[in-house]
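Order as written gives the chain letters A, B, C and D; numbering starts at 1 within each chain.
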Amino acid sequence: MSDVKHSPLPSTTATGKASSSPHQSLILTLSCPDRSGIVHSVTGWLASRSFDIRDSAQYGDPDTGRFFMRVHANGPKGRVVDLNGLRGEFERDVGGKMGMEFEIHDEGRKGKVMLMVSKIGHCIHDLLYRHSVGTLPVSIPCIVSNHTTFATLAAQHGIPFHHLPIDGQHTKEWQEEQILQLIEEHDIDLVVLARYMQILSPKLCEVMRGKMINIHHSFLPSFKGAKPYHQAHQRGVKLIGATAHLVTSDLDEGNIIQQDVERVSHSDSPSDLVKKGSEIETRVLARAVTWFAEHRVLVNGNKTVVFD
Amino acid sequence: MSDVKHSPLPSTTATGKASSSPHQSLILTLSCPDRSGIVHSVTGWLASRSFDIRDSAQYGDPDTGRFFMRVHANGPKGRVVDLNGLRGEFERDVGGKMGMEFEIHDEGRKGKVMLMVSKIGHCIHDLLYRHSVGTLPVSIPCIVSNHTTFATLAAQHGIPFHHLPIDGQHTKEWQEEQILQLIEEHDIDLVVLARYMQILSPKLCEVMRGKMINIHHSFLPSFKGAKPYHQAHQRGVKLIGATAHLVTSDLDEGNIIQQDVERVSHSDSPSDLVKKGSEIETRVLARAVTWFAEHRVLVNGNKTVVFD
Amino acid sequence: MSDVKHSPLPSTTATGKASSSPHQSLILTLSCPDRSGIVHSVTGWLASRSFDIRDSAQYGDPDTGRFFMRVHANGPKGRVVDLNGLRGEFERDVGGKMGMEFEIHDEGRKGKVMLMVSKIGHCIHDLLYRHSVGTLPVSIPCIVSNHTTFATLAAQHGIPFHHLPIDGQHTKEWQEEQILQLIEEHDIDLVVLARYMQILSPKLCEVMRGKMINIHHSFLPSFKGAKPYHQAHQRGVKLIGATAHLVTSDLDEGNIIQQDVERVSHSDSPSDLVKKGSEIETRVLARAVTWFAEHRVLVNGNKTVVFD
Amino acid sequence: MSDVKHSPLPSTTATGKASSSPHQSLILTLSCPDRSGIVHSVTGWLASRSFDIRDSAQYGDPDTGRFFMRVHANGPKGRVVDLNGLRGEFERDVGGKMGMEFEIHDEGRKGKVMLMVSKIGHCIHDLLYRHSVGTLPVSIPCIVSNHTTFATLAAQHGIPFHHLPIDGQHTKEWQEEQILQLIEEHDIDLVVLARYMQILSPKLCEVMRGKMINIHHSFLPSFKGAKPYHQAHQRGVKLIGATAHLVTSDLDEGNIIQQDVERVSHSDSPSDLVKKGSEIETRVLARAVTWFAEHRVLVNGNKTVVFD
């Protein structure tokens, strides 16, 4: 999930994936100003290195004139790829000439996810369950919380749990410093706010820009702010929803990745909405994290391109 | 669809329904302050007149302390009911004592609907088609438009079309006066704004309060106001929706009756959203009109109770 | 969840519910031959004992001439009800005369559910999670499995786990005898087959008739039998589904309680379908168990009436 | 919609599209045995002719070893393309060498659709409405029916209506001969059975293989054959559906293109299911026809690949 331009990964030539599979596969994502010949340049360059395209998707935004692409390609049988070398060559041969922002990922390398949570547990339970049965394609080196509610759950999953409270003894500055250290120490690719109920500082938002997903418990842009299910109940809506979005310093205005809704009725109390909503949140967040981990989410201004 | 308190209907004892069916059926809807014994009083009163309950639904709102009920009951075989008499007796025996607002309808009498439309046709086409094949349980004595776009369509369906423009020669006051005359002349139970693009005066809203449905082309309360699909495109949402609501003088704040959504993607242009959205609008409006016609929609403050 | 006619419950007058709440609430469900006056008789009888109806629903099946009803009613403030006494009086006053099969439940008493599972865990994980946070309104006195896969999970939830294998040393007869003993010992109201991969004997099906729910991993009646997702992949369907149904001795032909589907595409492999399907199964089963626990599921021949 | 191998189209160089738009766009679809280098060969060939790829999608079926691709590309500004020439060159340069079945279409040319219908009208009404407002991207040169029910509707839309009954005076052989003549005369690309209630002969199925879409009123493979909604009612399912599929001589076994479902309840009668189902059929068929017209549906054995 790292971007070659900012945080070059250590070579992944020694992954188990490469040795156990006949092919090493990579995923290339890019965006650049739209023009003729992009697809041909990219596919030609891949062919020249004997990569065989398994899947590709592209989108040109007519409003912004920006072009987006995701390619999934197999390398030649048995050969292990030097990803950093490949990134340099692609920059030299194609990316640089076309003004591309691009990333090249080893498909077999799982992104490293830090989960953050407060006291409401449906999302973290669900993500950890999926992780435990292998259907969430990430590794989870640590869980951070401002409460101790889920320390036992973390232990049951064998994942280090960091209790970082904000209270009389601990300032928010101190807490976020610990978080940043953990991000660096574990080489975190993605932070997931799985019902984390503290507002993050603009600094932390900036450091993890494009790499932090929040689940908001309403169908944005409806019912921003606090207690959205109560707002929804007040307004008498007939569907409630949840939204997974990238975190920006502008609260609840981040790039939307995924949304879903469920039908409700006049007889649903606010607590019924909370209950129904928690199921929507759970699946919306899991879907967004999975897409991110598979490098399907590209940023396009205040929006996302999702190649699902 | 008329309320007995404000606009007593002419006796419906001569409907074809009553003669062709072994039973005459009625639908009773009511709301009142919640207290013990309401259901028993109502069912007892119906039993005392030999009405047999086929279907009933109720809801007590814990926030407002108000109770809502809808009962569908068969009269005795072969007997034709004097509805006005029945209303008076129910008021005397039950409704008056419990502070009820109630309506009693002959199930076999179709509500009279005035359609209003401007230049966008998917909703009116759909409603007229459903009407023509008998799946929209209403009669449509007239269509009103500020344009002539659908005059031919109305003629094909044999429905009088009234072109009531607002232009250099015709003021809005004049136009709404014509509308009110048509409503009175045809004893209209419900006005449906099937993509009618003029804002109605507070006076007209007040006269038809609780009896006028609009289709808004967004998932309210998101994207109020003009060009909601363009707003949705700007925000990058992943679902778009439509909302059918009762019209109040506070634009886009009326009581929501029905909502639905469809999935969209980054590659959908505003015009794609308009196209997808028109299918949602069509089915949401048809559903809302059907529920209204079946006396399933009760007003609860700024919300609705829908006994579907 | 017990039927008064077959298995009278011990008096529940001492439940915490009754003392902590101002009202004791009960749920009455019944079915009988359709005729005039049923609703009035039932509501009148409840009123005569000072029960106030909060919610009721009914359905008359025109094909079978059978009538179904579910009533949720509050008892008088502060009074604790003798449910067994009440059942006898209702039988004497109403049920007997109208040929009713009926049940009267204390709303505050949680049904006792035995979970059965083999080696696939998404359903049991989900049910236990919902149980642990209080959103599945049942108690779970024991878990039974023919494998040991989920012994640790059961222990984490503090629920006794019974490993009842069928192997060289243990016959199916022996195993089902243990199951029947557990059902009796724990006064089980409902057995949930949460991906239990053994066919049960007709005897066990008969004993738990109407009280055993299975989750089938297809949209029945499509793809009965083994490996339904592979069958679905072969056929090239564009939606896959799951079905929760009551277990009868006729495999996959039991009364359907709930179904749901998800969209799939040509690019989904059988294992993708298994993954997507497991999410459908999870929510369909949880919904069916919840409805059953709330006494919303009534048997109507080979079908169900669900008052949701 | 024609396949270059069987029915070369007349040159489309004179379409209005080419002259009114700065680019002429084409859509290339292909399938062939999977191997390395397909994407690169195709994109390279397009680039060599100055076609710029706007959109492409591909899929390799691991079960059958077959590869599928759809490319949407813009030609150079102002140039009008000789499609037949282009097909020959592609066959010579790429298609022949890789064993491809391929088609090259002018995006601006609307496919020619023959509608067939009997006496049930929701699908034909919907398709004609979409056609009339320009949201169904096809032309409709003729409507065929074994009844006269929709003669007036056809006339209102200005489309020739051919009444081809099968009765005492007219054999099925005669009727199908007329159909085949109309297909040839109008150069029909697609036949749509919009609730046409006659079984077609194997001969007609064969002639229009891959070019004839039927709407079946069930969620196939459930409830094949007659009266599927009645079958669904009997079984007590909780969702009903509809299926659009390519017609093969093996009834109800054709390649599925699109399916959808709606929730139903115990209280829905068979006629309620028919009513709800007709809305599903309508949108499923419209979607399938649109996808076909946009060359998004490729045949893969008894399945379809749909690049939506």
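One rule holds for everything that comes next: contacts are C-beta pairs under 8 Å (C-beta built on N, C-alpha and C of every residue); 3 or more make two chains touch, one makes a residue touch a chain.
Keep in mind the model is a prediction, meaning the values are calculated, not measured.
Visitor: Any idea what the CA-fit rotation angle from subunit B to subunit C is, to the nearest 5 degrees?
Guide: Resulting rotation angle: about 180 degrees.
Visitor: Using only Cα atoms to place each chain's centre, name the chain farthest from subunit B.
Guide: Here the answer is chain A, farthest from subunit B.
Visitor: Report, in whole Å, the distance between the mean C-alpha point of subunit B and the mean C-alpha point of subunit C.
Guide: The mean C-alpha positions of subunit B and subunit C differ by 38 Å.
Visitor: In angstrom, rounded to a whole number, how far apart do the mean CA points of subunit C and subunit D lie?
Guide: Centre separation, subunit C to subunit D: 44 Å.
Visitor: With chain centres taken as the means of their Cα atoms, state the distance from subunit B to subunit D in Å.
Guide: Computed value for the inter-centroid distance: 38 Å.
Visitor: Going by the contact rule already set, what residues in subunit B reach two or more other chains?
Guide: 59 - these are the residues of subunit B that touch more than one other chain.
Visitor: Show me the residue ranges of subunit D that touch subunit A in the complex, using the header's touch definition.
Guide: Those in contact with subunit A are residues 36-37, 39-40, 43-44, 46-47, 50, 52-60.
Visitor: Along subunit C, where are the residues that touch subunit D in the complex?
Guide: 59, 61-62, 219-223, 235-239, 241, 255-261, 265-267, 269, 300, 302-306
Visitor: In their shared complex, at which residues does subunit C touch subunit A?
Guide: Counting only subunit C, the residues touching subunit A are 121-122, 125, 129, 133, 135, 156, 275, 278-279, 283.
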